[in-house]
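Okay, so chain A shows up in both of these, paired with chain B first and chain C after.
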Partner chain A sequence: MSTVLTIARKEFRSYFASPMAYVVTTVFLLIGGFFFYTMLSYFSRLSFQFMQYGYSEEQLNINDMVIRPLYMNLSLILLMVIPMITMRLLAEERRSGTAELLFTSPVTAWHVVGGKFLGALGLVAVLAILTCVYPLVVLMVGDVDPGPAASAVAGLFLMGAGFVAWGVLASAASESQIVAAVTSFGFLLLLWVVSWAGSITEGSLASVLNYLSVMAHYEEFTKGILDTSHLVFFACLTFFPLFVAAQLLASRHGR
Partner chain B sequence: MIAVEGITKRFAAVQALAGVTFRVDRHEILGFLGPNGAGKTTTMRIITGFLPADSGTVSVDGFTIPGQSRHVRRGVGYVPENAALYRDMTVRGLLAYFAALRGVPRRRRSAAVDSVVERCVLGTVQGRVVGELSRGFRQRLCLAQALVHAPQVLVLDEPTVGLDPKQIHEVRNLIRELGSDLTILLSSHILPEVSATCDRVVIIHQGKIVAEDTTAGLAARLEGVLTVRLSIRGGADQIRALFASLPYVRVVSLRPGEAGVVRGEVRMGGDPALREELARAVLMSGLGLHELTPEGASLEEVFLELTREEAE
Partner chain C sequence: MTRLQQLSMATGVAAVAAGLVLAAMGVGPESLSRIAIGAGILLLAAWPSSALRRVSGHARGATVPLALGCALILGLLVVLNLLASRHTLRWDTTRAKRFTLSPQTRHVLASLPGPVEAVAFSQDEDREARDLLAEYGAVSRHFTFRIVDPDRHPEEAQAFGIREYGTVVLSWGEQRERLTSLSEQTLTSALIRLRDPDRMSLHLVVGHGERTRADDTKTGISRLAETLAAENYAVSDVIILRDGLPEPGDLLMVPGPTSPFLAAEMDSLNRFLDRGGRIMVLLEPNGPSLREILVPRGILPRDDVIVDASGVGSIFGMSEVVPLVAQYDGSHPVTKGFTAASFFPMCRSLVVADSASASSTATCLAQTSDASWGETGSLSGDRIACDGDEDGGPLCVAAAASWSGVGPPDSTATPAAGRLVVFGDADFLSNGFIDVSGNRDLGMNAVSWLAERGELIAIRPRTVDGTYLTLTGEAARSIFILVVVVCPGAVVFAGLAVRLRRR
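Up next is the complex of A and B:
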């Protein structure tokens, strides 16, 4: 375990040793802030209109109209950002030759995969925590239910873990960072929208496709529903690619 | 200390290693010599557990690959070709990282780093970022990372490539110093490298070991390959015709010099009787023999000869 943490710490620090972490965080928060601003302005205009026409303000729920769509959008941005965070993890080691130093050290494939995964997940955790700023702002001025907001952040992190795991696999499979980024992005996007195909098919195929949709599972988190079936889904989403990546590295280096 | 037994490795269409077998004794510096593409790096990667062999075994200090790769790796330090390092880490940070990865206990890490920093003369740059270091420093840092976990065995892949003469000298001295208490396997495609630092040489060509001997023994074994320098008074055509009639002589060069003296170099067997016979043949044909100097076969020639034979 200490070997995993050694690698994880090194990876996490190396994001902050380059502009990488700062650029990713800035872009992520900038886009998030844009969504937040537009949604909140729309909400306040709507509630102003509601008051003018004498409707009850009670019908407007800030959780449903701001927090939930905001986090759905943030999750999509995360889907685009994570392949860029993970692409270098193993591909760069292989391209630059440092893989020789890493894999001739007495580490197992799981140490490397686990360390790389946790290192990148650290940065994703930073992003997820920083998004708390949006619900907190709303909390200061309005009546937001903190439960669903908290589960939306937690869900963002869990989903991020799954995305990072696929990114680790793509980076392990390719020597090129660009190839790793494009394949993991493409795959994650497909996983995101796979339920669209579910709506035009029928029977068990449709339910499989619906089950695989990351979006559908995450949506439950934004509603504040913490169901074990969704936790299991994200656990599998995370573990499976890590397992494949570890097998890949183990066979490549004869372990 | 290191025993390589019949390892083979195939990359797609290329048979990189076709049954490589050799051993390195404890506290020995073994030179692993071969032209580019002979299989040196592949062999070293297999010994260090970076690549699996298709067949065959490697044992290092009692542990065997396949099966005990992790134990083997614990006792081996490896300096890969090109000295690739994490460019964004500091020198100390990088050494501490590898010390941790290779199981140096936390409380001894700082001392381990201090010791290799001193040994590899990195004191002046220990706080600097690796990406800013010169080639020479990076090579020494690469050596330092290979030593930080106090291994018994050091594997060096072309450790002086790309260095200037002064740096080459420093690195060689360092390797010789280390050789007193480590077992070292050092690869090179240039002979002076090996003859300057190694006790024994293994020559690899096209994935096979073609010779294995001490540096001196190898030269002696191939004494047959002798260059003889000659100065002969006479016509160049006549001399050329004479040499052509002698089956044991192969002309390397012939050029007319001053006062009708032709200078040349020939290759021939190492037996002194052959040199007597050559002298007699020159005199018998009415030419004036001014000089006949046998020059000892250099390792470079041995190497050329060995690999050429293999290619033919």
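Up next is the complex of A and C:
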């Protein structure tokens, strides 16, 4: 375990030693902040109109109208930035030849994959924690239901873990960082929108496609629902690509 | 990876994305989007196989075991997901427990005899409808739902005879139930109607100045009648002397009579109750007390008007003669677990006998506060005060009684137990007050207990924790600067600082 943590720490530090972490975080916060501001402004305008025309405030729920759509949008931004975070993890080692060096030390493929995964996940955790600023801002000017907000952050992190795992697999399977990034982006997008295909199919195929949709599972978190089936889905979404990546490395390096 | 494979992969991603976009936007025939998605998946499939061959590199022979291992793990994960989706634990973290279905709804869902499909016809993304239907689906595997846009699928709308957006159709086999407003109450009621198609009859006694279901003014009970119909009661009017009384299996309601009953009518009502009949009586302070039928069952209505001087009602904008009731009997099925406050405008108090008879029990269901009393004098004047001879609070405003019914002499069947619920007020279920706080729930709980439909008791309407939030121009500017400038700027600054330090 200490080997995994050592690799993870090294990876995490290397993100912050290069411009990568700062660029990704800045872009993420800039777009997220803009979304949040426009949604909150719209909610404020709607509140004013409701007060003006005497409509009940019961129809205005800030969690439903700001926090929930905001976190849906944030997950889409995460989907776009994670391939950038993960593309160099293993592809770079392979291209530069340092992979051979890494595997001459007493580490297994699982150590490498686990360490790289946790290192990238650390950066995703930072992004998820930074999004707490939005519910906190709402709390400063009004009232927010903390349960669904916390659940949305947890969902963002779990979904991010799944995305990072697929990014690790793409990076393990390619020498080129660009190919790794495009591949993982395309696959993550497919996982995101697979339920659209579910809507044009019927029967058990539609059920399977709907179940595979990351969006459907993640949306429950943004509503404030913690369900064991979603936790299991995200755990499997994370474990499977890590397993394949470890098998790929093991078959390539004999470990 | 060769240039050709890269091209194949990029084309595959583009084809799948295009197919999905076409499908989502409803542009072109469905077959076009399906072809695009299928072709894209085929092109993408070329990548993993080439990748597997390539990555196996030094150990080319390991490709097959690798693929087998992955397939095995994938199979295990599929089984794990199947199990997890069938045996779930859910936690609703919302403050108002908005996504938690009532135990009654869960009971109804557990008793569904077969697959029920809900088709919601909605033009826009109806998030509330989807959330509610998803909760039902999460509880019962027998409950499935679809949301259909009637503009995109007019053939389905036509097949179901849909005329307005927001209609939900529940189907179980050949049977169908249609809803035009969706809530937990309406949906569960529709499921019960689907499951038990026989409607129970509820007769409203008329002819003594009672509230009527045709009256949609504030004093009428048209909204109560609508609620009863939604919960599968066949509501009708009955004039006792003309129509006679129904069979004991039906329910009878006396909604606020203002003129006295004839002795023959009282005899009929007594016989009805003795045979195991069920009546809900809503009294009025200035109307007949119906003591002839209530006293033998252990409930004595007083000739007074309850005044509540606690001042709690004024918080809700109510006057002193609209007592707020928040103390309920926690053991009786009507009020067990009931916590919402209810309001009774111009209510008379009731006295419940400790033991009416060996075979009959009477219970006070709801009481006013200690600061109330039963005013027997005039309510006009500057100040109303409790005189020494008036009864002080807490006063009973609702009572229930049950007893063993007596069957006809020639019958061998065991008669049903008789049940009676009395409220000292009829206004609380009138159109003007039925939606105030817990009034409707309390009334419908009483009806459900009388009808022995325990599963319909106390399905709380979902409360939405809504609030206004208006930002001043300055606050909006500050928030913009904080989230769009300061937060990303701080990260840029940190990045530059690290870069400079490293140099």
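Assume the second predicted complex is superposed on the first by the 255 of 255 C-alpha atoms of A that agree within 3 Å, B and C clash if a C-alpha of one lies under 4 Å from a C-alpha of the other, contacts with A are read in each partner's own complex, and residues count from 1 in each chain.
Please note the rule applied: contacts are C-beta pairs under 8 Å (C-beta built on N, C-alpha and C of every residue); 3 or more make two chains touch, one makes a residue touch a chain.
Since this is a predicted model, take the numbers as computed values, not measurements.
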Request  = Using the overlay on chain A, decide if chain B and chain C clash or can fit next to each other.
outcome  = fit
Ask   = When the shared chain A is used to line up the two structures, what angle, as a multiple of 10 degrees, is there at the CA centre of chain A toward chain B and chain C?
value = 160
Message = After superposing on the shared chain, does chain C or chain B touch more chain A residues?
response = C
Query = Which of the two partners, first being chain B and second being chain C, lies in contact with A:10: first, second, both, or neither?
reply = first
Task = Considering only the touch criterion stated at the top, classify A:189 as touching first (chain B), second (chain C), both, or neither.
result = second
Request  = Report for A:247: first if it touches chain B alone, second if chain C alone, otherwise both or neither.
outcome  = second
Message = Just to be sure I read the superposition right, which of the two partners does A:108 touch: chain B = first, chain C = second, or both, or neither?
response = first
Gap in Å between nearest CA atoms once chain C and chain B share a frame through chain A = 6
Message = Please report the chain A residues shared by its interface with chain B and its interface with chain C.
response = 17, 253-254
Ask   = Which part of chain B faces chain A closely enough to touch in the complex?
value = 45, 48-53, 65-66, 69-71, 73-74, 76, 78, 80-82, 84-89, 97-98, 100-103, 145
Query = Taking the complex as given, what residues does chain A use to touch chain C?
reply = 16-17, 19, 21-23, 25-27, 29-30, 32-34, 36-37, 40-41, 43-44, 47-48, 50-51, 56-64, 130, 133-134, 137-138, 141-143, 145, 147-148, 150-151, 172-176, 179, 182-183, 186, 189-190, 193, 196-197, 199-200, 211, 223-229, 232-233, 236, 239-240, 243-244, 247-248, 251-254
Ask   = Of all residues in chain C, which touch chain A in the complex?
value = 1, 6, 9-10, 12-13, 16-17, 19-20, 23-24, 30, 33-34, 37, 44, 47, 51-52, 55-59, 62-63, 66, 69-70, 73-74, 77, 80-81, 84-85, 87-96, 98-99, 127, 131, 138, 463-471, 475-476, 479-480, 482-484, 487-488, 491-492, 494-495, 498-499, 502
Inquiry  = If we count contacts the way the header does, which residues on chain A are in touch with chain B in the complex?
reply    = 2-3, 6-7, 10, 14, 17-18, 96-108, 253-255
